[in-house]
Each structure stands twice: as C-alpha cells, then as structure tokens.
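Once you scroll down, you'll see the structures, which are given as structure tokens.
Both complexes shown next keep chain A, but they swap its partner, so chain B is in the first and chain C is in the second.
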Partner chain A sequence: MTHPEEPLDTSGTQISRRNLLKGVAAGAGVLAAPALLAACGDDDEAATTTAAAASGGDTEAPMASGTVSVGSNASDPLTKDAYAAMFARFEEKNPDVTLAINTVDHNTFQEQINTYLQGRPDDAFTWFAGYRMQFFADKGLSTSINDVWDTIGANYASSFKQASTGLDGNQYFVPFITYPWALFYRKSFFADNGYTIPTTIDELKTLSEGMMADGFVPIAFGDKDGWPAMGTFDYLNMRVNGYQYHVDLMAHREKWNDDRTKQVFATWAELLPYHQPGALGRTWQDAAQTVANKEAGMYLLGMFVGEQFQEVSQEARDDLDFFAFPEINPDHGQDSVDAPIDGFMISKAPENIDGAKELLKFIGTGEAQKFYTDANSNWLATANDADTSGYDALQNKGAELIASASNIAQFLDRDTRPDFASTVVLPSIQTFLNNPEDINGLTDSMEEQAVAIFTE
Partner chain B sequence: MTAAPDTQGKTATPQVMDKWRRRGLQAFLAITAFVWLVPLLWAFYTSLRPFSDTAERGYVSIGGTYNFDNYTQAWTDSEMLKFFINTMWITIPAVILILFFASMAAFALSRFSFRFNLLLLMIFTAGNLLPQQVIITPLYRMFLALPLPEFLSPSGVFYDSYFGIITIHVAFQMGFATFVLSNYMKALPGDLNEAAFVDGASVWRQYWNIILPLTRPPLAALAVLMFTWIYNDFFWALVLMVTGDQRPITSALQNLNGTFFTNNNLVAAGSLLAAIPTLVVFAVLQRQFVAGLTLGSTKG
Partner chain C sequence: MSTRSEVEVAVARERTKRKRFRLLTNRDLGVLVFMLGLPALIHVFFVWVPALLSILLSFSRWDGIGGVEAIEWIGLTNYEQVATIYPPFWPAVVHNLIWLGFFILIATPFGMFLAVQLDKEMKGSKFYQNALYVPVVLSLALVGFIWQLIYSPEQGLINNVLGRTDPENLIDWLGNPSINLWMILIAASWRHVGYIMILYLAGLKSVDPALKEAAAIDGATSRQTFFHVVFPVLKPINIVILVITIIESLRAFDIVYVTNKGTNGLELLSVAVTNNIIGEASRIGFGSALAVILLIVSLGIIIPYLWRTFRADEVAA
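Let's look at the complex of A and B:
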C-alpha cells in the first residue's frame, strides 16, 4: 500500500495508532534507525548471487518440499483470514510443502523492512511493486525470480511485469492485488442534485461551481498524514504532462523547477478553491466521511475508501461509485491510472528457494487472488485468469479502469525514492497547500533537495 | 496561586483565610485533574460507541448506541491475551534481574569504600544519559552475530529472542536503578555492616540478610517504574524482533488496524484494555510508587 513511509507528524493529538506511533517515533527517533541501517546492506550482495546461482542449478527438477517461511503484513483479522485460506489452499495443492506464516502488523512490518531483510528474513515476504521493490532488489536483499515469471508471465499484462522488474532487468516481484485511485462520489448525491460526470477539467470546474452554488463542498480533501495529496499531484502531472514525464520526474530525470512541473502546481492552484479548506488538519477518513454524509461531492482517493463506507453502512457502500480523473491535456487524455500493486518477493538467501518459488507461482494465479478479493471487496486481482464472478459493481468498474489504462503508475511514494517522497515531496506539498502563491520558490527548493538526495 | 479573594484576606481571621485557601486549592486541583483526565474519558466514551455512529454524528456528539462491543472485538481481534503473555515473558524476568543486579552493584558501591567507587557510580549513571537509539546499529549487528543456545533463542542468536530483549532492557535500566538504590543504601547507618562484620557475617550475608531487607521500599518503587517502562517499550521489539507471534503487547494494538482504514473507536477500546495492567500494578503498589518518586532526592 501506498502511504506509509510515515513522516514525522507532530500535529497529531488525536489518539490513533498512527499518531501514537508517530509520537513514539518523534520522541525516540525510531524512524531514523532503519534508515541508518539501510547503509549497512551492501556487504550482503554476494549472498544473493550465490543463492541465485545455487537455485539456477536446481531448476531442472524443482520438486518443492519442506517448510517455506512467509513474512506477512496481513495483520487485521479480515486480511489475515483471507491469507490463511489462500495459504491452506496452497498446502493442499502441494502436500510436500508446509508454510510457516510469520504475521507482523502492517505498520511495523513496513517500518522494520530494512532490519528485517538484512537480519533473518523469511523465505518469501509481502511487499510493494515499483521503486519500493527495486530499492531492495538493487541492494541485493532479494532473489530474482525470472524462472517464476517464465511460468506466470502469460498470466499478466505487460504493465504488471514492468512493475515487477528491477533496475537490472530481472524480475523480483509477483503482483498479488491492486486498487485504483479515482474520484469517488455517491451515486444518489449526483442523481438527486442533477450533477453529471465531468470528463474534462473545464467540466470539473463547472460542476464544482454548481456544487458550491448549492452549498456543498465540491472536492473533499484531507492531507493530515501527508500522503493522500500525493495522489492529486500524480494525476495532475500525468494529465498535464503525460505518464512518461511523470516517471522521469519521479526518477529525477526531469527537473522539479521545470516549467512543466510548475504548470502542475499552477493547475492545482486553480482547483484549490474547490477543495475542502483546512486539509492539513483532516485525515482521509474524516474527509471521506463528508462525502458519505453528502456534505461534499467527490473525493480523489484510492478504492480503499470503500472500507470506510462499508463501516458506515452497506447502503452507503452500495451507493459508492467513481469516475476517472478528467482530461486536462488532450494529448494525454485519461490514459494513465494510479494503481499501486501489493505482492510477494523472495528474500536474499531463502532456506527453501524451490518451495518459495512454488508459492510465488501460486500467488500469481487468479485462484489465489480470489481469496483476497472475495474477503475485501475494495481490492482487485492482478492476474489475467482472475475469477471476477465474486466482484461487486465497484470492483468490476475498478478492473475496467485499470484494464483500459495505457499506463499504470504506482503512486508517488512508491514511484520515487522513499526518502525523497517522505522528506521532500510530502512537506513541500503541504507547504504548497498552505501557500499556493509561491510556486517558483517551492519548485526551486524541491529541485535543490532532489539534487542532493538523488546524487547521494 | 490560590483563588482566595484579596478583600477576604484583609478582613478575615487566619482560620477563615485558611479555609478559603484550602477550598481554592482544592478547586484548582480538581479542575487540573479533570483537564488531565479529559482525553482518557473521551477515549473511554468513544470506545463505547460503534464506528457508524461516530462517523455520522462526529466524535463530539451524544446519542446512538452505547455498548461494550468494541471491547470484546478488540480483545479477540488483536489476540490481546497472547501478546500480553509475550510482554510478561519480557517484563517480569527483566524487572527481577534489574533489581537483583542493581542492588548488588549499589551495595558494593555504597557500603564499601574503594578507589574507583565514585567513578564506577558515575559510569552507571552516565549510561542513563545515553539515548538508547544511538547504539541501535552496532547493537543490531552484534545481536545477529552473538550465538545463543537453542533453548534460549529459537533463532540461535540474540536477534529475535526474548533473551536478547531482556538483556538490553537490563543493561539500560541498570544505571538508573543502581543510582537510586545506592543513594538509599548510603543513607543506612554504616554501623550495620560493621556490627555484622564483627559477628562474622560474610559480604554476601551482609548484602542478602542485612541490607537488602532494609531496601524494600526503593525496590518496590523501582519495580513499579521498571514494569511500566518495559511494558510500554516498543522500540527494541521493533528493531530486534522479527517473529510476529512473539511481539509484545504494543503490537497487539496495531493488529486492530486495516491497511488503510482505522476504526478509532476500536483502537480506543484496545488501548484502554492494554493500559489496565499498568494501572493495576500502580494501584497495588501506589504507596511505594509515591515514596519512590522522592527517593534519593535528599542524598547524593
């Protein structure tokens, strides 16, 4: 998932797990510790190569057997049960293999990933596609799984394979589940007030004016945790400048103080009057609730917003719908989607590499993914052969959106260096939201910091 | 500071003035206590309501359903009992070992005079000043390299074992405990040792049978403090443990959160449940706790 390289947020006074954690982190420098440790990983590269080479010899007869340990971040009861059912199915199909599941709560798993991978990691583990995966693959903390892709490759769209490929051209990741970002709204709210779905930015502005005239907040907005607004940046950049420019900017092959980047912020500034004010003090859950309560019209967020609606009532969840972010530049239309992928990887020196690869092959099937998408209807399967008969209306629409997209981005904090996303982009966007006037100063400062971080 | 009005102070008799002062002070204390309790009371109030109610009406609202469902759900969903037992595996041995080692160190440092006596005490105290996080990288490497027999650590090394976590807690809390205990022991009359020595008591006997029983109040106070600190710790387990099933109670709360969605009402219930053991320990040993706060403040 996307959010979390949780930044130090000192504004939180509300009692929630994240804030609690952040409080501890701010006081104790917990976040700094894994970062320090990141520097220590280089000496382990040899191990990867050896492990990979050793496994290469075995591939002729990969009769998987024995115990495979799996590190899982699926800690809440709903997901944990779905994973358990899926793993049980795998054991049923591979009677010689036993899985030892090590479930660590989601947030801790993420924060300790560095020490975990350098210490005594499990054979296979849950992680995220894109730069998040490449970062650890590049450090030699993961085993390449090209032979797994020989088996499952035909079952994936090329964009998924691309998202699973490391900087060295090898595959390190098997996609499991995904979800799209889009503008979510309540169908009944639009119908009752006679609003229509906008497909261009001008229509979006007209719609927003209309909502304001009716006394509603057009676009709900909350950025207390810092990451939700990154989604808005992603979409504006992909719509204004196109996917390629976005990717290049994320990799810092383009400049942050480029006129094209400035255009993104300028467009955002035009839209800000339609956004809910005071976003920096509001969590995404509170913002989503204003849409559920029909105080606000729409909300740009990931499909996980459905969980909030589900908790409010089934009726609210059934009423939830979305539309793709409108077109800004006709050259790019609506051709790109933000759709982060969660999946599995293999650690650098697994004890049971054949078993782990066998498990990853299973993860790459619609059969395995159905266990998850049935349990949590706010996520989508990634494999081509996924059985979508259990999908609800929202899931079907989400799958269509992703299938129709020419380009899939992974969300800003997964598409660029995590340290850059959390220490530069996140606070910069918050600064921008506070003061949308000074785009030149802001982008110059971002570029300066980007140079410092990317040339390290 | 008190709320007694000036006019009264001028005309009233001393007794009346005292009475008003006292009332003012009590009012002040009551208000302060209430202000301190507001977040806790609010968390409790929220924990009694289902998420759908607070989502629709907001957290500052009255009405809807009130029940203990969040508590039962938090208890089962987070597997709190399992993690609570894990925490006890760490906390209880650690507290016992800290008190045992610290009292021995304090005994030697306070009851005997030798050349490096003061220097040693300073080193113990200085260890306290070191922020724990600064040593995490070398410690992490050491824990991965230091072997342990299988029965102490399934992983075969200090890393990812209760033994490792207990060790680091003992190492870090020793300084403070030694400091407090040695100050207390210094205050005990030196004649005790001399008399015991004349009667032929060995050093061990002087420590175990003479000094240690007299040190009960600070030991109890320290036990409460250490219990609370180690119970609340979250940092060491975050970096030095990888097995999810062995994590301490602080991680049970995190199991209540979904990937994105957080039911704050449920978390409030879970947090209050997790806080109960420290409250119980405090209530049981309250008197020692208060006495312990001022221990050592007059000496040293």
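Let's look at the complex of A and C:
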C-alpha cells in the first residue's frame, strides 16, 4: 500500500501523523463550512453571481461561486506548499469561489479511500489515473466530467484523455502531473568508464557483463517494499508482449500462466544475475544510493529517484540521466512507457459541482501545473500549454520520453485491481526473485488466485 | 434515614424468607449492575458483535462498497480458497506457531532468568534493570525501524562490522526468507525480554524472604531454592506471564508490517487479514475468513489453558 510517489519513511512518520490530525480537524471544519455559508451567505452570493453575469456577459454560465471542498493527499511539506500556491492562484482568478482544503497523509488517504468516498467526501479529491480511477467511477462513487473535457480536451494528448476515461466511455479524471519510469544512471560514471547506452536487450547484457568485469553492480535493485519490482515486470512485459497484452493481462483478459507471461519471467531470470543481490532486504532509497555513489551502474525506477540523488549532493542530481528500457521484441520496440499520472476527480454528490468543475478546468492548465513542477523538479506537467522553460535537463528529457511514446501505462498497481496487485502480484514477484527456477508453478498459482479475485 | 429504612426492609425480608441471607443492599446491587453490566455491555458490543459479524462476513464476497444488498453469499468458498490457493496462508500459520514457540521457549525464560539475576541485588543492578527495560517503552513498530538500521544490507551495522557489504558476500538479513523470521524474532524479543523481566522481578520482590532463608537453612542450593520454592510460590505471576506471552505472539503484527508488509518469509495471520481488508477495493469476505481462523487459533490456545488452570485451582481449593 506504499506507493512510488511518496514512500513511507521513518523520518516522515511524525510529520505525517501530525498532518493526519490536522487533516482530520480540517475535515471536521469542511463538513460544517458549506452548510454555514449556504445558510448565511445565500442572498449575497446570488446577487454577486447575477451582477457578474450581467456585467461580464462573455463568461461561461453558470458562473461558479461558493465554497469548494478539496480532499488532498499532498501531505509532505514541499508538495503541500506547491498545492497551496496553486489553489491560491485559482481563488485569485475566481474571486467568488473559496477553496477549503482538507489534506490527509498520503498513505492514509489511499488506505481509507473506500470509506472516504462512501461517507461524506469533499467535492473534489486527488487520485490516480488508470484502473484505480475506473474502479471508483464504475462503482458510481465519482461524477463524470465530460463537460470539463470539452474545455480542456484540446490541451491534452490523446493518451492522457484515454487515461482519464472510465469503462463507460465518459471522462472522470483530470491529469495534473506525471513522471516516467526508465533506467537511471550517472552521466559521468558512463563517460569515465566508456560505457554506451544500450538500445536492445543484448546490448544491455553486454554492458552488464562489462560492468561486472570492472567490479561494479550493473543494475541496482531494491524490492523490500514489494512495489519497485513491479516496474521491471511492466517493462519486460511491454517490451516482450506489447502494450495491449499488458492491458489485457492486468484486466485478466489474458492468463497469468499463458506462455507469453511465462516468457516475461524467463527473460527476467536471464537478467537477474546482473541485478544487485539481496534485493528483498533493500529499500529503493538504499538501492538508489549505490547508483549515486557509483557502486552500481543503472537503476530502473521512476523519476522520483532524483530525490535520493539530491540528498547525496546537487552534483549527483545534475549528473543524473536516464535511457528508455531497451528493445526486446522488434515488433514493439521501445513504444511504451510507464508513466503514472496523478490528478483530480469529483465525488459522487458534490455540494458545489459548478465550483468543483471550475477548479478541475484550472487543474488542466499549464499555469496550474507549473506551481508543482517548479517546486519539485522530479515531476512533469501533463497539459500541452505547460510552460517548460523552468524545466531542468532531466525534466525536459522525461517530457520527451513521454511525448514520444505511443502507449502510456500507469504502473502495475494502478492498472489492475489494487487487491490483486498487493495480495497476489507483489508476493508472487518476491517468490520469483527468491526462486527464479519454478516459473510454471508460480504462474499457475497466480492464475488460480486471479480467477478467484477477478470473479468477485 | 435511607440506610435505616433499608435495614428495616432487609430485616423484614429476612423474617419472611428465613433461610435466605441478603448480603447486598439495593444500592450495592445497583452499583454492581452498573460496574459489571456496563463493561459487559461495552465488551459484547465492541468485541463479540463485531466478531460475530466477521464470522458472518467470512461466508460472503464483498468489496466493501455499497450496502448489505451488495453482499453475495458464497458459503465456504473463502475458507476453501484460503487453504488451497492462497500461498501466504500456510507459511503464516507456521510462522505464528514458530513465533509462539520462540517466545515461550526462549524469550520468556530468558526474561525470567534476567529477573532472577537482578533480584540478587548485585552491583549496578539498577543500571542493568533500566537498560533492559528501555526497549519496552518503545512501540514494536519503532523497534522494527531501529532493527532495520542494524540489519540493512549495505548501510547496516552488522554487515559493516562483519565486513560483508560487498555484493558477493553480503548477508541479506531481512530479505532472505530462510533467516529473516529469526532476525525479526530477535528484534521482537529484545523488547519482550525486558517486559517479562520487569513483570517477573515485581513478582520476585513479593516473595517472602523467610521462605528462601528456610530453604537455605535446609541446605538447598540457590538453583533448588528457585525451582522448588520460589517458582511454585509465584504461580499466579507465572500464569500472567504465560498468557501475556501467548497474547504477544498471536498479535504480532506491527514489527513485521513496518519491515516488509508481511511478505517474503514474514507472513503472519494478522498481516494476511490486514493486507486483504485494509486499503482500496478490499476483499472483506476473504479477509474475514482469515480473521476467523486467527480467532479460532487464539481461542484454541488460550481457552484450554485457562480452563485447566482455573479448574486445577478449584480442585486445590
């Protein structure tokens, strides 16, 4: 239940707890606020709305007003400040709308999403694209926002619209920020040792042999929390079998004990000798440190790995670069990328739907997204009109990688049922890493469990 | 006045029903009903009603979304799947039993041993006592974090002291599923030993020194004194310690959860329940089935033990 974007670490526990409590307190306030405002401010606001409509004329009707409550999982201080600045800008542009922000600890927000959405959720809330969005849309716990997409649609690539569309063909989600997964390395480490970027799996193997001969660990690896190895599975699957097979397998339209799935594990088994041993006892942070310290050559992770390099030194962060996962099957080349998208949705019965939609239209602009990408240089904006002049070299390259991909996947635990990802795929991959020999037994067991879970 | 009238009433009652003594006044009765009834009600409402509902839900398939009408009843399917196609289940049962065995056979006796040593009033015993007790004030989750720093492969204390941080020779204390359970048990014992020690020490302090002196005069060695005199006298404390040990073993959860979410060699029933129920798109029915199994295991260990103990007491009395 820990997820890439905000791993649970020891140092943060205290702060998260405090934020959680604050969130709870704020939540209590939020519940009371709209009712109060509605009770005492109805006449005034109706008057302003009419006046604005009369004088402005050219603004879209109905003009939003009142208070919009927003449930946010942006609990770490950096993110929270960036969100606050963005929300402040929205209020500035829409003087009639007040935002009531209810920030909850990132992991707690995720774990309680079920009860949250069924109870009295905020009007708008932060969430993730892909299956995890579709699931709640399908359960009727979120409001479709096709009219928002009429406004912002032109500002997004079709892959982003696809990632925002529910199973019924309606849109339920507005993308805010994203980051790609790729193989990260230090430029100076490759230059000093005369290594070249591999574009095929054979080149990757040759490079790895070379690194081992030079006394380095070729591929850093840490899977103590279970989710990082899902990225490796995703890429191997998309490179071996293509994006469509990934989507079908995640939805269990393909079988886990299919020969094509077994081929993914078999390819992985060939690469395992080049991976850092002892991965199941190592956190991704520790694995990233070994690349930053030039003990290991490369590391398959999301761009948030930059945070660890920053911790080592600014020089290490500036030296950080990446390349796309190499080609395995020429039919699919390097055409797919894992790039999870964070964004916003509207709950099932918002008290202020006009205001919430107005907010989501703003979320879908480069102006809003810049507040975030300026504050955290390991993330990217999703809108076409995003001002990328503030991007550093890594951000520019990340944006290029995503723009050049024909298919964007959301990461394994966002593309399939969360209960299947956490209770079946996660432990199964760990079993595989302990015993890469028994692929048949492993995939049969995964398929049996998939059948049990997906019939629910 | 009221006391007097109560006395009169009592006397009058006693006259009418000559044989029946009433030890309790109405007020006593009221206090009793309040003091016993309310906790009993709370207990039933917050413990047994949810437990019974869990048992009911374990026969269902439900993702926690929607009302009662969304629940689908599927009989024993969940139990069948738990036992046949859910790989973490049997390891979890085994690990819970290993945990119990390790605590009963090693950690708890060691805590008692330390208590006996500290009871001898040796030099600096206050210092040792405090040093051993310090981990007890930490939560088990925090203990987990602390020991992760010690066991970490490249950055950890042990591997650095042993000089085994190179990829070829490093020991993966928490990632290797054949050793990580034992490493976690050591970490958990670090706290458990101190807990048992302080409880037992309190018990030892209450033993009448005259007993020990008498044993010494009769020529018993200190070993014999402990096993034949002190240990039997401390029977009530021994029971408390055993029950605490069993409870601590069965509710083991946090240390494993912070280490790796209870996967890869650290499966426990409590974690299996949590992993299936907490979070998005929960498998309420499946998780409930696991919870019921944990309940049965717990009752299966605790009830026979308490029943035998209390029955033995009655027989003795």
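Quick notes on this structure:
One rule holds for everything that comes next: the second predicted complex is superposed on the first by the 397 of 456 C-alpha atoms of A that agree within 3 Å, B and C clash if a C-alpha of one lies under 4 Å from a C-alpha of the other, contacts with A are read in each partner's own complex, and residues count from 1 in each chain.
Please note the rule applied: a residue touches a chain if its C-beta (ideal position, glycine included) is under 8 Å from a C-beta of that chain, and two chains touch if they have at least 3 such contacts.
Remember, predicted model here, so these are calculated numbers, not experimental data.
In the superposition on chain A, A:213 contacts neither chain B nor chain C. Of the two partner chains placed by superposition, A:154 touches none, neither chain B nor chain C.
Contact with both chain B and chain C is seen for A:111 once the two complexes are overlaid on the shared chain.
Contacts of A:307 after superposition: chain B is touched, whereas chain C is not reached. Once the two complexes are laid over each other on the shared chain, residue contacts for A:119 go to chain B alone; chain C is not touched.
Looking at chain A, you'll find residues 1, 111, 115, 289 touch chain B in one structure and chain C in the other. Per the touch definition, chain A reaches chain B in the complex via residues 1, 3, 14-18, 20-21, 24, 28-30, 32-34, 36-37, 40, 71-72, 75-79, 102-108, 111-112, 115-116, 119-122, 284-285, 289, 292-293, 302, 304, 307-308, 311-313. Residues of chain A that touch chain C in their complex: 1-2, 10, 110-111, 113-115, 118, 132, 135, 139, 141, 217, 224-226, 276-282, 286, 289-290, 417-419, 422-423, 426-428, 430-431, 434, 445, 448-449, 452-453, 456.
Against chain A, in their complex, chain B makes its touches with residues 39, 43, 51-52, 55-56, 77, 131-133, 136-137, 140-141, 144, 155, 157, 159-160, 234-235, 238-240, 242-245, 247, 251, 253-264, 267-268, 271.
In the complex of the two chains, the chain C residues touching chain A come out as 61, 63-66, 81, 85-88, 145, 151-155, 167, 170, 172-177, 180, 259-261, 263-264, 275-276, 278-283.
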